[in-house]
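The following pair of complexes shares a single chain, subunit A, combined with subunit B in the former and subunit C in the latter.
The block that comes next holds the complex of A and B.
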């Protein structure tokens, strides 16, 4: 029996655990503990100082998983430095004396069925291909449904009438999602919760503030690493629009990227790496639609986003839209973020009033 | 009875307080050092303000701003608690409605606020770095054995300011020591320091921002004539420095308190108030949050720092 684990990001541990435990019924999937201050402390201690912050977070969770007995760790890759995480982290962990294997499912931002087959065999040679395809399909759908509901929550949570009603319902939904039997069951559950969410009472004024959040993918999707930015915006009764989620990254990205490229052709011709060019187009979209402000977040030292930032601030200048840049690091102070966010919120209010 | 409003700006280095009336006239003002103890500083500040307050005035609103705004807001039961960026902008716009750029250098932070048609359009605040702020100047003044208050006059005497590596406080300091040991006159070094503060500010906070006239310069450092001189020289524009430039945040928050009247009358009797904070670390989960419990007259009023919302 092998013990498999993967780094933590947002609520996506639920579909990932679901998939792995069905592909490898005889092996054990270890759930990474929730990200806490200890995680980032561990990650920072063993990472190079100037590496991007997601590396530190994922390394931290990996160490925590290994302490719980994990033998095989699964890491993804992306179109930036993220693509090298797996190899580098494996080496770091081996230097620390852990006996483990890190498997990188996506290299150079591309997935290839042959390669994945080979990698999955490395975990357990006796895995069933048919089952993998079937459960892979269900997992994809689960991610899609989760993201759809998350989008609805983001637009409405700032206006909930009973405090905490959205969050508790979401937790209930996630628990049911982790015990799905088949696709039909999943679909039924999704429909049930969609109705429940729409029934939750909200009070949405017409002159509400709308903010779009763009930026680097890990920081945007893991609330701990952005100091619960969405939560504090919701407390100010703001409607939030966010584009990046796992469904977008896995399925929609290639198609959407072509659209984005055409849409923002005056700003970029070539891919800037990772999500940077997408964010430029999204910034234009937010400026042209009735959004009151834009918040761009990234982890410190994220190279693609650093390249995109001057272009984004130029677009915001052209359209006269307020934009706020945040760079999150393991050493960022919460007070500084709060002060800037409050000032941003006041500024938007003042503009709206005039 | 005359209605008036109190604004308190509790910065890292100094604590400022003003009381204004309905027409935004300053009735009394006070400026003291925070000395790392905001609650004591505010108690002292209120005593000073009360001394000059005419008998027929009653406080109808209290606002707090600055880095200790939340704590003091609880202590004074303030009606408005706002960040210093908004407070500075509101304060300045009350007296200078046409202003376009606000430069602000305080004790521990520096900000730039861009304004168009009376609305904030952009702002920036320094991150993680004390280079180009008041605390840097005051620590260097101590090193050179001069009062910070005299700094400006010394700087104006110099005809040939030395170049000091400006980017970082630590580098600037070692460069300064070197220049002093080589034998440069004091005036030239001080002038060089003032210039380095300006360059630092423009490179750090003012980077990529379009600074358009009219420009106003605020915060404690605006009292330093040397820094003002080099701002004028480098920006090639006139710089307004108000006589109350260091109080602008407090004035702004007082104006905001006036706008958000609650109908309540506040008392300034804080002498006998027991205001305590107790810190402890929670070990329920690996987050180990540092929690702060705040007691007002032995009654728990708030606790901060919890990530899970348990406290």
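The block that comes next holds the complex of A and C.
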């Protein structure tokens, strides 16, 4: 029996655990512990000095997983240097004396079916391809449903009448999602909760503030790494629009990219790597629609986003939209972020009153 | 008569000879920005974003210097060389950043072999933009490429010969736009020459040999220029006394690739990361102690 683990990101550990435990019924999937400041400390200690922050976060989680007995670690890749993390992380862990294997599913932002098949065989040679396709399909749908509901929550959580009603319902839903039997069951559960969410009472004033969040994918999707930015915005009764989620990255991206390129062709001509060009187009979209402000978040040293930042701030300048840039590091203080957020929020309020 | 401005940074160090030969042959006037000085660097720091890597800031400084001195500025974009040979994403964005930050005419081409965009197509496009005849461009391109091939062969030969010299040999691992830049790496090189060290440059080897060898250090690496560097390490590991890594702060591929190399090699190395505040005095102390250490090892 092999023990498999993977660094978690947001709530997506639920579909990922679901998929892995169905592909490998005889192996054990270990749930990574929630990221804490200790995780970051561990990760930072063994990481190169100026690597981007997701490296430090995932390395810290990996060490904690290994402490729990994991033998195989799974890492996803991205279009930037994220795809190269796995090799250095494996070497670092080996130098620390752990006996483990890091498997990297995506490199250079491309999903190659043949390669993935080979890698999945490395975990357990007796895995069933048919099952993988079937459960892969269910997992994709689960991710899609989760993202749709998350989008609804983001728009409404700031205006809930009973505090915590959205969060508790979401937790309930996630627990039920992790015990899904088949696709039909999943669909039924999704419909049930969609209705329940729509029934939750909200009070949405007409002159509410609307903010769009753009930026680097890991920092956006892992709430600990952005210091629960969405939560603090919701406390201020703000409607949130966020574009990046796993469903977007896996399925919609190639199609959307072409649209984005056409839409913002005066600002960029070539693909800028990772999500940078998408964010430029999204910035233009937020400026042209009735959003009150934009928040751009990224981990420090994220190269593609740094390249996009001068262009994004130029767009915001042209449209006279307030924009706030956050660069999160392992040493960022929460108070500093809150002070800046409050000032930004006050400024938006004053603009609105005018 | 059109004048083309060439910023002396980033791409210049890879394509300078091809460009100058190509323009010479077409009788196009061009100016190259001067070697980096404090003024250019300060301009770059002013226009750029504070988190950009030092080399990109430097590049923007050079563009800023050229902006009112010529009709066109040559800013290419390099994305990949096929088969897992990507470049750093900064090479992808430079064109769009320059276009958005400066109000100048740009000459640009795209190298993206996965999509069939080659250097040849790029140079033909530039020739056409400058109103040259097809036959002229063809001749100029051929001229530039043959000369470049000869030069590369010569460089590779020189590096090979250097490996046989009986002096303390140090391999400099870094990107050419850092090593040869007057403000970033030149002082280090000068110091080493003064101390009678034989310097071998990691970018002056035949990539056909080194890129393959880089797999010994890193299997999954997909950055072309880092492959050159790591391959050079694997190639001359047994013939050299020490390695000096030079990178600009915060270089994305170097942060991972160099770290991996440092964990795998077993010869003395020194890692120098240069940012806009580095003073040479600090570097000198480190270089001095590194050379002392190498000397001590040699005397054993």
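We take it that the second predicted complex is superposed on the first by the 354 of 354 C-alpha atoms of A that agree within 3 Å, B and C clash if a C-alpha of one lies under 4 Å from a C-alpha of the other, contacts with A are read in each partner's own complex, and residues count from 1 in each chain.
Basically, a residue touches a chain if its C-beta (ideal position, glycine included) is under 8 Å from a C-beta of that chain, and two chains touch if they have at least 3 such contacts.
Owing to the predicted nature of the structure, the values given are computational and were not obtained by experimental measurement.
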| item | value |
| --- | --- |
| Room on subunit A for both subunit B and subunit C (clash or fit) | fit |
| Touching partner for A:273 - first (subunit B), second (subunit C), both, neither | second |
| Subunit B versus subunit C as contact partner of A:88, first or second or both or neither | second |
| Which of subunit B and subunit C A:311 touches, first, second, both or neither | second |
| More subunit A residues in contact [subunit B versus subunit C] | C |
| Contacts of A:26 with subunit B and subunit C, given as first, second, both or neither | neither |
| Contacts of A:38 with subunit B and subunit C, given as first, second, both or neither | first |
| Which of subunit B and subunit C A:303 touches, first, second, both or neither | second |
| Partner chain in contact with A:51 - subunit B first, subunit C second, else both or neither | second |
| Partner chain(s) touched by A:99 [first = subunit B, second = subunit C, both, neither] | neither |
| Apex subunit A: angle to the C-alpha centres of subunit B and subunit C, given in degrees as a multiple of 10 | 80 |
| Minimum C-alpha separation between subunit B and subunit C after superposing on chain A, in Å | 7 |
| Where subunit A meets both subunit C and subunit B, residue numbers | 327 |
| Of subunit A, residues touching subunit B in the complex | 33, 36-39, 313, 320, 322, 327, 331, 335-336, 338-340, 342-343, 346-347, 350-351, 354 |
| Residue numbers on subunit C that touch subunit A, as the complex places them | 48-49, 51-53, 77, 79, 84, 86, 88-90, 92-93, 95-97, 99-101, 110, 218-223, 249-253, 255-257, 259-260, 263-264, 273 |
| Interfacial residue positions of subunit B with respect to subunit A in the complex | 67, 82-86, 117-123, 125, 127-128, 208, 285-289 |
| Residues on subunit A engaged by subunit C in the complex (per definition of touch) | 48-52, 55, 80-81, 83-88, 91-92, 95, 104, 107-108, 267-274, 276, 300-301, 303-304, 306-311, 314, 327 |
